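Scrolling down, you'll hit the structures one after another.
Both complexes shown next keep chain A, but they swap its partner, so chain B is in the first and chain C is in the second.
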Partner chain A sequence: MSKNVKVNVEYLTRVEGHGNIVVNVKNGKLEECRLDIVESPRFFEGMLRGRSIFEAQHITSRICGICACGHTLASIQAAEDAIGFQPTEQTIKLRKLLLHLENLDSHILHIYLLVAPDLLGVKSFVPLIHTHNDVVRRALRMKKACNDVCDILVGRHVHPISAIVGGFTKLPKEKELDAMLEILESIQVDMAPTIELGASLKFPEFQRETEYVGLVNDTDEYPLLQGDIGSTDGLRMDKHDYKKITNEFIVPHSSAKHTKASRDSYMVGALARVNLNFEKLHPKAKKVANAIGLKPITANPFLNTAAQLIECIHSLEDSIKILKEFKNEGIDYAQAITVGLNENGQIPVKAGKGVGAVEVPRGILFHEYEVDNKGKIINANCIIPTGQNLNNIEYDMKKLVPEVLDKKQDEITLLMEMLVRAYDPCISCSAHFLDVKYIDC
Partner chain B sequence: MKKVKVAFFDFTCCEGCQLQVANMGETLLDVLDLIDVVEFREVMSEKSSTYDVAIVEGSITTHHAIERIKKIRKTAKVLIAFGSCAAIGGINGMKNNFDLTDIREYVYQKDAKHFDTIPTRAVHQVVPVDYFVPGCPVYIPEFVKVLKSALMGIAYNVPDNAVCVECKLNENECMYDKGIACMGPVTRAGCNSWCINNGNICYGCRGIVSNPAEKGQKDIMEKYNISLEWIENKINMYNKPRELGELKTNE
Partner chain C sequence: MHEMHVIKNLFQDLLKLADENNTRKITNVYLKMGLFTEINPEILTYFFKEQGKGTPLESAKLHFADSDMRELKLVSFDCE
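For the complex of A and B:
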């Protein structure tokens, strides 16, 4: 076949942050295929040096607006691990609730506003206001509902206020537990048509099996906040060994691939989690997964969006369960902590290193801090899910392009965009990039 | 009535302020009745070469960004600096606490040279700005106020009194009385003392009041035994770029 294709998408839209797609086919031969990251570097890890470990959450939450709660939780976990602080059961449970809300909020944004327009053949949700008004209203209502629950729990979703090292500065009162439950039950009502919509969407056909990496555990809980690092290729390691898979080093301009575990690349995120821990999903989530034919191991990356839908159901149901338990058992308000504990010396600080490994909407997120005996940060490292996925996205692109060369250039471009969007990349999240390509911009 | 064309642009930031817009819920549809959003990369694929109002998120941290913001300024009749990064430089300004070569090498080692970076500046330190919406993230009621002002062509002034005023109205127990230092007394109000309402301190994300009543602050610092180092440390979190002047042409 002799065909030339040139795809050059500058500033890919409907993703978080700045990335370009470059595909070049000459005489039917794939010559170039890249996802370039062109986000301005922000140097978060460098900026953390010299700061108090108790400030790390406030600062690193600002790495990303969409997954601010995820960064908060990974940061707190790494900080507490570094200084040897053990949070209470109540605190851990509230953090699990916060993480569910984060995943629910982010997945709804991605499914409705970022992905659905492609599958409905429009450029954004704006034209849908006229053609699918009820759908847009439902999406915005669900998004706001998640946000409202976060407002009650931690002050706000974008850069949460009350979740800090040690616990929560404010604990929900009884009537606030009721209010959160009421809102979540309203989301349950909207979830039914969301599932219908999800089931009706036609995702592109494509298969490329890869290694799926995420948290694993030995209990029957779907692991999001705590666990070991595991993979569908049978890998299992303690979270402190995360560098064995993220292969944290930067090499000069080359096609050298950095993030790999057992194969050339691996995938993290909703699809990876569902592939790894399918049996631990809430029964309602599993039921829908079976109905739409999503089962382990699903090797079509476009179905990451479908996996997000499954996780929405899981997180919603588990959030309601957690809130009901709090209502029955009550909240111990004596556990509310005062900010500035470090200044008062209420939390003892020691020198050490700590790692946080948390499943945030786009996959497993790592924070690592090293502190001195006064609790000052000496070194910091943040490895985000999108950075780990970049390599896998490029392998997908390389397999997909030759399979769709009979399509028109526009269609190929759209497919490439859809593929990248399916991963829900969060580029501004990139505290730094793992797989670096140098382009002057 | 012809709808006003509005475009959203992002520079160095977390895009959380744009997300706050998506978090408005169905109210967003009422706003969209009044304006025509022609570009909003985070949630739309549509693009436009013309627009009346540019809503700019993020601070200016690269040479490329300087050129880009200048082009946007030329096209837009009205420019809104949206969020702390755009309005005061924000958290990205923490970078300015370090030697730029050193911080680049810390994060990217020998490849540091590939990552262009200049001292973090707020948007108004590079091009003229018509409206400011500080806050990390923006407080949506204030954003709606600013948007209304921009559409009506009237001025909006960011409150220049301290967060403490709002905090007192909210009947929060003063952090200082709990023995904890807080940036409330020197930080511009307008957020309804969001963080203190939720048990945290004010970090100064909305910028410093123009008249911080230095003598009064000294009294507070003495009374509560707060070090100058603490105050500087917190000011340097969001407000470091204020030390820089406007961008010089040869920078």
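For the complex of A and C:
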């Protein structure tokens, strides 16, 4: 006999990402604590095989809708390195501008729409529309500004069009430089209340020393696009040796590989960059960092959000500086280049291997390509910042849980979610992406 | 990207409920799905069929009802 069973179970909060925190405490002692990554592999490296090096940036930008520009730039850098192409100073400077805009856009998203609701005591940014309407409007205004400037610079922010191997297909005209400058200067006004908001947020007290990894250089520039790989434990190596840093390994509970360098785990991202390159930040950024007490080496991962705030100031000020320099020095429009798939052999191609190492919002991103003498990709490897942070998050959780076992289960759940969110993991919609499962607690 | 995870959770619940209700076979599963869920019903149905092989859900049909809310709910199921 057939019967109908009423259930009414909601799945959406379990959907917005692919991670589960598993906590197993027996007799007041933590037996197991892990972050399961259950999303399916996406096989981008496989998709790249056999494709032209000149379309790799368009394919790999699809890895992420938030870090699309970062993937584009890491891909282009790896491609140019593989075929031995040296971009011009103007191209490099425009790429730095693009990276700043993406960092700013992504950090604003994280600070305002993902972290602030936790710290303002609401479940998502939607209730903030009623309780903190000005905050939501400011966040959207700042995000729109970044998107609008990216539209002018590379056609669009999500999956940019004009940034290619060899340079840019289209270079901003003088009136477009004016428009970009005007937009960015307009959100300088919004930065003051953003700093106020950041300073007012109460981050949980927690300390765990770890190794911080990011780009380093010997100049005064805060390295985002170029540099060696360095760590707070004193590692320094050329980007081509990135595998000696990442040392990827497989764990059974995660479809994403884990990494480790000098210690059991390491952290990448804004906090790692600030810890490594604090002195190279824009003076305004450093001033705010000092005011909110963020200084190297900060070992509280929750303060990654504060480090992002500091980077917002740096990226905005540096973007304005770059645009002013372009306005004063002018742009060499003869450098605009249309390559397509290089059917006309505009760019000389040779067989080789190349690496791109770029600081994107969530940390250092690696792309490596091996190409044949026709510019076809033979092998590819992409190592994403969130993957590099997973192991470190687990070690943080293992230290955090025993320290908060006296709290109620829902408070522990929130703290664990906040910890993972502090890393700004690029698992889609991380606002409420986690299932926290307790076993025998 | 999300659909496989949804199906995994959905199956976990359905198989547990099927066991609790002493059923051999689930014939229909009724979901309510709203806007902006980032879930594709076609892909969800594909994973539902694949995951169902060799389980009490093997020949079950998935039914979707629209919703104005941003939600994805398992409303009920028919079983024998």
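In this section, the second predicted complex is superposed on the first by the 396 of 441 C-alpha atoms of A that agree within 3 Å, B and C clash if a C-alpha of one lies under 4 Å from a C-alpha of the other, contacts with A are read in each partner's own complex, and residues count from 1 in each chain.
In this section, a residue touches a chain if its C-beta (ideal position, glycine included) is under 8 Å from a C-beta of that chain, and two chains touch if they have at least 3 such contacts.
As the structure is a prediction and not an experimental result, all values here were calculated from the model.
Legend: residue contacts after superposition of the two complexes on their common chain; A:158 is shown touching chain B, with no touch to chain C.
Residue contacts after overlaying the shared chain place A:312 against neither chain B nor chain C.
Contact with chain C, but none with chain B, is seen for A:5 once the two complexes are overlaid on the shared chain.
In the superposed three-chain model, the partner touching more residues of chain A is B, compared with the other of chain B and chain C. Within the superposed three-chain model, A:294 lies out of touch with both chain B and chain C [touch as defined at top]. When the two structures are aligned on the shared chain, A:141 is found in touch with chain B, with no touch to chain C. Residues 11, 14-16, 18, 40, 42, 428-429 of chain A touch chain B in one complex and chain C in the other.
Within the complex formed with chain A, the chain C residues making contact are 1-2, 4-6, 8-10, 13, 17, 21, 27, 37-39, 70-80. Interface of chain A with chain C (complex): residues 1-12, 14-16, 18, 38-40, 42, 428-429. By the touch rule above, chain A contacts chain B in their complex via residues 11, 13-18, 40-43, 45-47, 49, 55, 58-59, 62-66, 68, 109, 113-114, 117, 123-126, 129, 136-137, 140-141, 143-144, 147, 154-159, 161-162, 164, 168-170, 250, 252, 336, 338-340, 343-344, 428-429, 432, 436, 438, 441. Taken in their complex, chain B has these residues touching chain A: 10-20, 22-26, 28-29, 32, 37, 40-47, 61-62, 64-65, 90-92, 94-95, 97-98, 102-104, 106-109, 111, 114-115, 117, 136-137, 175, 178-181, 194-195, 197-201, 203, 237.
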